[in-house]
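Before anything else, here is the set of structures, which you'll find just below.
Consider the two complexes below, in which chain A is the common component and chain B and chain C are the respective partners.
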Partner chain A sequence: MSFELETAAHPEQLKRVAIDPLSRVEGHGKVTLLLDEDGHVQQVRLHIVEFRGFEKFIQGRPYWEVPVMVQRLCGICPVSHHLAAAKAMDMIVGGRLTPTAEKIRRLMHHGQILQSHALHFFHLASPDLLFGFDSEVARRNVVALAAEHPEIARKGVLLRKYGQEVIRVTAGKRVHGTGAIPGGVNKSLTAEERSYLQEDVYRVIAWSREAVEIARRLHESNRALYDGFGRFASSMLSIVAPDGSLDLYDGHLRARDADGQILVDRGDCSRYWELIFEEVKPWSYMKFPFLRALGPEAGWYKVGPLARVQNCDRINTPLAAAARRDFLEASGGRPVHSPLAYHWTRMIEMLFAAETIKDLLHDDDLLGGELVALGERSERGVGIIEAPRGTLIHHYRVDEHDQITRANLIVSTTHNNQAMNEAIRQVARTYLDGRRITEPLLNHIEVAIRAFDPCLSCATHALGQMPLAVELVDAAGTVVDRRLRGDAAPPC
Partner chain B sequence: MKPSRKLRVATTSLAGCFGCHMSFLDIDERLFALLDRIEFDRSPLTDIKHCGACDVGFIEGGICNAENVHVLREFRSHCKILVAVGACAINGGLPAQRNHLDLGACLQEVYETELGLASGGIPNDPELPLPLDKVHPLHEVVKIDYFLPGCPPSADAIWKFLSDLLAGRTPQLGHGLIQYD
Partner chain C sequence: MLSFEASAHTAPVLVLAVGNPSRGDDALGPLAAQQVAALGLPGVEVLTDFQLQVEHALDLLGRRLVVFVDAAVGGRAPFELRPLLPRADVRHTSHSLSPAAVLDAYHRLTGAAPPPARQLAIRGEGFELGAPLGEAAAANLQAAMTALAPLLLAAGQPLPGDRLPA
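Here is the complex of A and B:
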């Protein structure tokens, strides 16, 4: 059913309805709907309307500047870009991270996961879930949440604060810090900083458990809605640890098909381009990635919490492991493809992040030791990390003058491009088709997009290499042949 | 103090990264006290899609396409006080690094095949706002009343600015709150 409702046959005869700008999401996007005179939906598209050109303008910059520059792609997940770039630069300088460096970076990263997941659930998405998708506009925001559920709002704000404080302590400041450098980190923790973070960590774990419980109860209070809303089946992609457990900082690429069968396992991150390819469509600046093995029609997939929690074999922290078991049991072991299940799995990951921070804070390696390790130089570096919203790929080429010559970035939200389009087409079909379009109905479309927690700022970076697909089509419209530019060659 | 009408505030991000909005949320628990004194109009935190009459508008990010210009003008015409927040709003910031590149050449290189196999794929749908050839700071397009520097300005700087405004003082950041990173 892929691509149905993507392009109407005669758009000029149809009525246009736009949701512009999308709100309570990060970045700039809009949705357009085309309807015929009977109100039947003929076309639904999520457009990314801006581009910024990071891949292009970092060319010529020295490689050590890159982790600090590229995090400016996104103020919500700057740490993810900072660390993905730093991991790529580790390869450039041939460094194998010291225990201190790796643990400081992991601490920073889990602070990032915690604050971003809290922000998304409490500040952005929860008004839809707690007040209803068709509650009035004036109520669908964090202000109403603070008025009507002050305890939930307070804990949301404090959970986010704690994640931001973990980032501040490890990176120097909360937004756009400087902790990671090629081959390591630039500071360890003092004993005072560690005890400061230890003070609140158990409370943060307890609040994260409560958040999982809120998400679970919401889901179980209306299974028909939460299971069915915007549902579509697709493959799933993420990295997992070498032992198959959930790991958000490092690991191998794994993809499962819609039935949960493993398609790709132990995929080498540094050769990601053998697994993933991208398409361009004229109506969005955001690319459409797909698994090479399955092709563009069947190979698109989803990333992020819902993919990760199911893609891994287990979670190694006890409370999040139990929460994951509850989640899997609720669906009787069948793969879950419901967009609204992102919320539940996002809270499971927030709990995992809180537990991971607690474990790391008990490790004395944080307090000192070698910070940087250098080795033999390479000209190519790939860094892959699981950002809050999904798999994030940074790929750079550096010349003998230490300057960036090529860059390719595939951000989390881009992986979910087709998935988000499928979800809103599904919602349009179910809720909007043939009806009078009202504001609350349009919010249903946004609810589906919000479930993915898209980061549209991240998705607007593109100005780098853009692979192209060419199709030879016969007179009857049948595809005779298809060639992809740059087949099986590294994009940079 | 006598309870007065709440200050109506609109916020938006143009060619920015939302980092300034994050820094605003970094006022943490102080947000709840603030909500007694202000209310939000258009903002990424609400579902109000167009800016109505406001006391203050905060804008992060510079101007990189036609839509940014439109939104900026909408804010200027509805906000008594307009504030440029952060490095991008004030001087274009990192996105303005593309200003030394030729946009047309970039688009061609990016979206059209170097091998000449395809007939070109530069996204050109009418739904996509036209990119500008350069990224511009806000004050080149409309009058700006205050500038909050920093990448991003700290939560304390934003808090001090709002506190001064709410107290009826001319906002002044002073030493330690102005940063240029």
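Here is the complex of A and C:
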């Protein structure tokens, strides 16, 4: 099916503006705008070259390699893929995690949440939020942030560093860690490692509280902008703990409709396909998932911090719980759908991650005990985790020779595909329609996309790649204007 | 851990290699790192990551020399080894920085000049997922190592006043 502004009636007669690739978004993404002769927006599409080759790449490999191999899927959230794959392999080996194994994995996961959210807020989103969407290009980056708000930039770097140290200690290495294995983990923490992480955790919590405050103040400083920019209503999907509280590592699937009513609860993660269907559209490589119960027209949804913070019934750490209450009260209890609200909720989750890390570091189960528990072998495994950007699904089949025969991955950015398209259509209607297209206006499109923190699953970054080109093409297909935002630098 | 002070035990030379080992010639960085580590050069620390980010500025603290190693698309074959200066980088994508931008971030975050740095850009040709390292890239890597190893050996030598290793 097609949504408003998704497909123009006569695209051949329209002017085309492309933002290709998107800056500060991982991998390959492109936005095309088709304008009529009066500059009115007729079609808006976000094209993402989704990374499907990995599913084929993994076929034929022994299952125990998978939690390590999948980290090469993404240079940004390798730990999420590592843990989602490990959870799927737990099913394959019939493992029921021991307390030590589960807590080590949770510690690793919350380290990943912390460092990812810190990177996004302090270094990717803050330049837009602090300097304005219309600020000059040279200021919209972390370098300008460090120059004008050095303390914010420094704390952002150190928060990220702390999250990465949690990952290093639990996974064994900074990258390509091997901590989670089918049925458990391969190491516990030493007392020295625990003390090392405990030393700074209270500062991390304090800085995370400050970050929530920055996000809240920004939001409340311009409610019209933050509540209205790119706003669209949709359902929301995430996992929640069995008691309904926020849980980013494990739980069951829950979906709420746009009014906040629960549509699906206690959904069985191991049978996710009974709840979700992935629609294919001819103009995009990336699929468009929707809730089967509502169908493709009404069943699309958003995932990630904005969905999770509202989808759960409560948060079980005190500071993040209070921050969530502030967030909900600010909207008068009505569901919040504005993409810019992702920033506030992302910081609430960062605080939750910091508090959770602190709690785990005071649990002696981290220091020893059984690391692995195996049970009855199965041929199918599903692992679902709440990655920093949203729900991440890994699904594998393994044959009698222990080799992967089939893999299906639904990444967070795929879940948010329709939501991001809706957001940029709203922005195009509001800011671009009938106006002369300028670079600051095009940045509004990117601001909307960045709010979702999409990660396009590409860890290739060799020198000389990734320019940002903006092309204005007339109805005859002639390039009438072209700008490069920071041309690709040659190797020095 | 959470400071902008160098550890007392920081090795004077850092090799910071980036790349994805599962994407053909993008493995050049990690493979170079492996080879450097295998040499066991005194005073040389080797780090590998998928890509550079702002916190890598912290890894530069207390160094005498930093060498960034990466695969290069379209660079000169077999490799280019050049001095690197800080440069504000507005082209960075969502989650990665250029080596020059990491140096610039160091300066912005610490207020001090970054350590001397070089960039070793090894020419790569193919970056497909699951592809092995190409023959040409393998040859380029070996050529690059003949230039890199002596540089690291010289830079890693202790200087008067250096702290002794723990």
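One rule holds in what follows: the second predicted complex is superposed on the first by the 452 of 492 C-alpha atoms of A that agree within 3 Å, B and C clash if a C-alpha of one lies under 4 Å from a C-alpha of the other, contacts with A are read in each partner's own complex, and residues count from 1 in each chain.
The definition used in the following text is that a contact is a pair of C-beta atoms (placed from the backbone, for glycine too) under 8 Å apart; a residue touches a chain by one contact, two chains touch by 3 or more.
What you see is a predicted model; the values in this text were computed from it and never measured.
Within the superposed three-chain model, A:Ala146 lies in touch with chain B and with chain C [touch as defined at top]. By the document's definition of touching, both partners, chain B and chain C, reach A:Val157. In the overlay built on the shared chain, the residue A:Arg174 is in contact with chain B and with chain C.
Looking at the shared chain after the overlay, A:Arg72 reaches both chain B and chain C.
Of the two partner chains, chain B and chain C are each touched by A:Leu119. Of the two partner chains placed by the overlay, only chain B lies in contact with A:Arg45; chain C stays clear of it.
Contacts of A:Phe57 after superposition: both chain B and chain C are touched.
Of the two partner chains placed by superposition, A:Asp259 touches none, neither chain B nor chain C. Comparing the two complexes, residues 21, 23-26, 51, 53-54, 56-57, 69, 72, 75-76, 78, 119, 123-124, 137, 140-143, 146, 150, 153-154, 157-158, 160-161, 164, 174-176, 462-466, 468, 485 of chain A contact chain B in one case and chain C in the other. Of all residues in chain A, only 19-21, 23-28, 30, 32, 45, 47, 49-54, 56-58, 69, 72-76, 78, 119, 123-124, 137, 140-143, 146, 150, 153-154, 157-158, 160-161, 164, 173-176, 280-285, 443, 446, 457, 462-466, 468, 470, 483, 485 touch chain B in the complex they form. Looking at the complex, you find that chain B touches chain A at residues 13, 15-23, 25-26, 28-29, 31-32, 35, 39-40, 44-49, 64-65, 67, 93-95, 97-98, 100-101, 106, 110-111, 113, 115, 117-118, 121-125, 127-129, 131, 151-152, 154-155, 181.
Residue ranges on chain C touching chain A, taken from their complex, read 1-4, 18-23, 25-26, 47-51, 53-55, 57-58, 70-76, 80, 82-85, 87-101, 104-105, 108-109, 119, 121, 124, 127, 129-130. Those residues of chain A that touch chain C in the complex are listed here as 21-26, 51, 53-54, 56-57, 69, 72, 75-76, 78, 119, 123-124, 137-138, 140-144, 146-147, 150, 153-154, 156-158, 160-162, 164-165, 174-176, 196, 199-200, 203-204, 450, 453-455, 459-468, 485-492.
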